[in-house]
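All chains are identified by letter, namely A, B and C, in their written order; residue positions are counted from 1 within each chain.
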Amino acid sequence: MTAVRLSELAAALNLEREGAIDPVITGAAGIEAAGPGQITFVDSPRFLRHLGASRAAAVIVRPGVECPLPCLRAADPHSVFAAVLARFAMPRERVFPPGVHATALVDPTAVLGVGVAVGPYSVIGGSARLGDGCALGSHVVIGPDVVIGPRATLYAHVTVREGVEIGAEVILHAGAVVGSDGFGYRQGAAGLVKIPQIGRVVLEDGVEVGANACIDRAQTDVTRVGAGTKLDNLVQIGHNVTVGRHCAVSAQCGISGSSQLGDGVVLGGQVGVADHITVGDGAKVAAQSGLDRDLPAGAVVFGSPAVERRRAYRLVALTHRLPELFARLRRLEAAIGVEDASRDPEDPE
Amino acid sequence: MTAVRLSELAAALNLEREGAIDPVITGAAGIEAAGPGQITFVDSPRFLRHLGASRAAAVIVRPGVECPLPCLRAADPHSVFAAVLARFAMPRERVFPPGVHATALVDPTAVLGVGVAVGPYSVIGGSARLGDGCALGSHVVIGPDVVIGPRATLYAHVTVREGVEIGAEVILHAGAVVGSDGFGYRQGAAGLVKIPQIGRVVLEDGVEVGANACIDRAQTDVTRVGAGTKLDNLVQIGHNVTVGRHCAVSAQCGISGSSQLGDGVVLGGQVGVADHITVGDGAKVAAQSGLDRDLPAGAVVFGSPAVERRRAYRLVALTHRLPELFARLRRLEAAIGVEDASRDPEDPE
Amino acid sequence: MTAVRLSELAAALNLEREGAIDPVITGAAGIEAAGPGQITFVDSPRFLRHLGASRAAAVIVRPGVECPLPCLRAADPHSVFAAVLARFAMPRERVFPPGVHATALVDPTAVLGVGVAVGPYSVIGGSARLGDGCALGSHVVIGPDVVIGPRATLYAHVTVREGVEIGAEVILHAGAVVGSDGFGYRQGAAGLVKIPQIGRVVLEDGVEVGANACIDRAQTDVTRVGAGTKLDNLVQIGHNVTVGRHCAVSAQCGISGSSQLGDGVVLGGQVGVADHITVGDGAKVAAQSGLDRDLPAGAVVFGSPAVERRRAYRLVALTHRLPELFARLRRLEAAIGVEDASRDPEDPE
């Protein structure tokens, strides 16, 4: 367990420290959960009220905030807290013991960089190349001709199929599959006929792929995820999709074949994107929405099919008023003596 | 293959047996599929008509029901049938051969209880503790500092990451991932910056987690699934979520970060729960619904966004009458000579 | 790398070749991406305009189309292209090296056909039978009593649990789980009580199952996927489901327990099918739809709950006109002097 004086954290992070005592910090927690030995933070004024009752050993707060606990002062407490968290994470060497485990099978034609860790029972195929400082957990399977950049992290049970290209500092969480066949068939006389999927997948630098997520290889050409983009667990990326840079794709989203997302796109959970759709830079799609057509840059949408978000919520609100609408209509009909048309099978609209 | 006389089943389950013959039972099946040698059950009166044509060897029925087949009498045939099924399941020792397989890698600092089974190629990390009678299939990966209670069952390819705590009699199905990083980032100048996810996951006693389901570790603190709760396949539980006790979460549901479900909550398939939502005890959410706000205890809802279920279905029904509504409106407009407002760009609502 | 003269492709595929030169072909790509050495195709007239600027080495086109590049003539360029792709795929022997790897654990009672490939660390249980020419990647786990037909392909980390039956030429992509327990419980006094799931799964000939997809075993009887049916990544098939022949089930669909799909059914992405539903032959369900009742053969539907597709889109369009509807109603009310009923709490509809 890491144990560090608050004064050491202050020095390491170059922050002002306040308080009569200099507690030993052994962990970090949110403001409501933090207990003895733990450091926490308060970013939003509405959480300041928790400070009085907190059992935390110390807290990170904005300058000027009155604080009954030993504290560090920072203009952006949340980002400083993130830096503190890194110090209390299990050391990388414990999660990924250094060196190539004796049971790992590394093809003689594979090339491993300096300081690569390969866990038990992992298998690395012919001509694969792993950059310096890569860490592979247990049971990782790397196919032939795969290229992985420096300092990538692959957790247990990840599968990277043949020819996939992975950039620097990419993180693949447990069970993720990269390079599976795209869902491509043509209708033959006797049923669906598989179209060979011979393209590649490229994950650019800094991409993170969630647990049990799936990224299909292209039919030909490339399925690409741009630099810095984060995909959450159980996400599905179809063949020949391009996801731009610095996107955030929440859990259980599915992006169908050949669609193209721009940079900085944000998808809420369980969003579906139809095939051959283009989504502009910075578009935001609320959870459970379905995109069935192109979106311009900066669009903010909701619904299935999705429309502009404020409009979508207004339509939801008006839908909730349908009972009232029918009542008002009936009253009008009564007022002017028109028979209720609902008994009329004709529907001219 | 298990083979047992109906009279033996009757004795073991303490039930009344009827019928001139005492058939040998070798399996169990539903009423429509049951064939020679198989026992079945009839719970609902509408299935009684199948009894005449059934080729089943025996049937479990309520007292007083006329039955042309050898039968066992029980007030609750379904629950008795479940007890019978257990006798015809493949023996646990065949699915999980006893002992630690020679190829399993158990860290010298790990502690295994009495009667633990560990399958081929499984890997158990440092300081992990497995309770008595745990059964691990092939290729299970247990990280450092994991604690697993007695009689837990982990199928092939399960990943349990560092520090996760698992209760007694928990079942993790194949490919499930427990303790993956939460989806936590902050917006930095050059894109999304990962926030270290250093919290834990606690699965309380009796939890069952479906195949390829994912449960993220907390950022700090704990992601918790309460005792007796069942999660189906491909479910996603975000970081810092709390799921209460005895909940049923159907396949492909996703629960976003920090949301809290009470006890006895039931989610249909593909439900999405937004982040920081509180769902009261006993709430029921129909399939494909989306929760974007808190639900009180006992609520029964449907829709995306979800509303009270009867209301939701009424709104669906009224939406289906929109063509009629437009027609009636047009007729009224014609009757009083008001011009069709649809040509008016103004929209005062 | 495969390298072949265009004339050799023409001969192998029995097609007419045109053009002054006979280029060496080393790969294949789509019309917009194709570069030197690559063959491409043009099926639709709207892509013909790309031919002039293409750097492709050759192109497959319909008879009669003017073509500035060396070309092959075919009535169905797309299907010929698929045949060409197969020649440029990584050879099966490279992806699945022949023979049983020294680290594979094959139970002595298992029976392997001729030419079976088993990758590193795969585990094959007692009494399992694998047909001729099956190929298993690394870390495949086959339970006891599993039967697999000839020429099946199982990628890395696939789990096939005890007693599952798999037909000829079935493909299981990485991480797929076949035969996990169905989600079956009964309400007991102290919470949900697990009902043993002792049935089987049968995947008929030619079925393809996507990466990290899950197919639950039946409670009793059989969960069945019909011949030629293709399931995409992350699909969930519940216990006792029957999927017919030659269906296409897109990514992230979920089919709940005991539902029955006919032949040739097509489900778009993220579709949900409730339990005990019957879907007729050839029905088509648009993405994100939810089926809560039976569908007749040939139905084409959309929405959650799903209705006939044209009707669904019309209802969406009319919903988008709700602001106009309210405005028209208000105008009518003003014209005849009826008070706005929205202030009336009574709701007679």
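The definition used in the following text is that contacts are C-beta pairs under 8 Å (C-beta built on N, C-alpha and C of every residue); 3 or more make two chains touch, one makes a residue touch a chain.
Please read all numbers here as calculations on a predicted model, not as lab measurements.
Enquirer: Copies chain B and chain C touch; is their interface built from the same residue numbers (over half shared) or different ones?
Expert: Different: fewer than half of the residue numbers at the chain B-chain C interface appear in both copies.
Enquirer: So what angle, to the nearest 5 degrees, turns chain A so that its CA atoms land on those of chain B?
Expert: 120
Enquirer: What is the distance, in whole Å, between the centres of chain B and chain C, each centre taken as the mean of its C-alpha atoms?
Expert: Computed value for the inter-centroid distance: 24 Å.
Enquirer: Out of chain B, which residues touch more than one other chain, so two or more?
Expert: Residues 121, 139, 157, 175, 212, 234, 252, 270, 304, 318-319, 323, 325-326, 329, 332, 336, 349 of chain B touch two or more partner chains.
Enquirer: Give the list of chain A residues in touch with chain B in this complex.
Expert: Contacts found on chain A: 27-30, 33, 78-79, 82, 85-86, 88-90, 94-95, 103, 119-121, 137-139, 155-157, 171, 173-175, 206, 208, 210-212, 227-228, 230, 232-234, 245-246, 248, 250-252, 269-270, 287-288, 304, 316, 318-320, 322-323, 325-326, 329, 332-333, 336, 338, 340-342, 344, 346-349.
Enquirer: Where on chain B is chain A touching in the complex?
Expert: 105, 121, 123, 126, 139, 141, 143-145, 157, 159, 161-163, 175, 177, 180-181, 183, 185-186, 188, 190-196, 198, 212, 214, 216, 219-222, 234, 236, 238, 240, 252, 254, 256, 270, 272, 274, 290, 292, 304-305, 307, 314-315, 318-319, 321, 323-332, 335-336, 349
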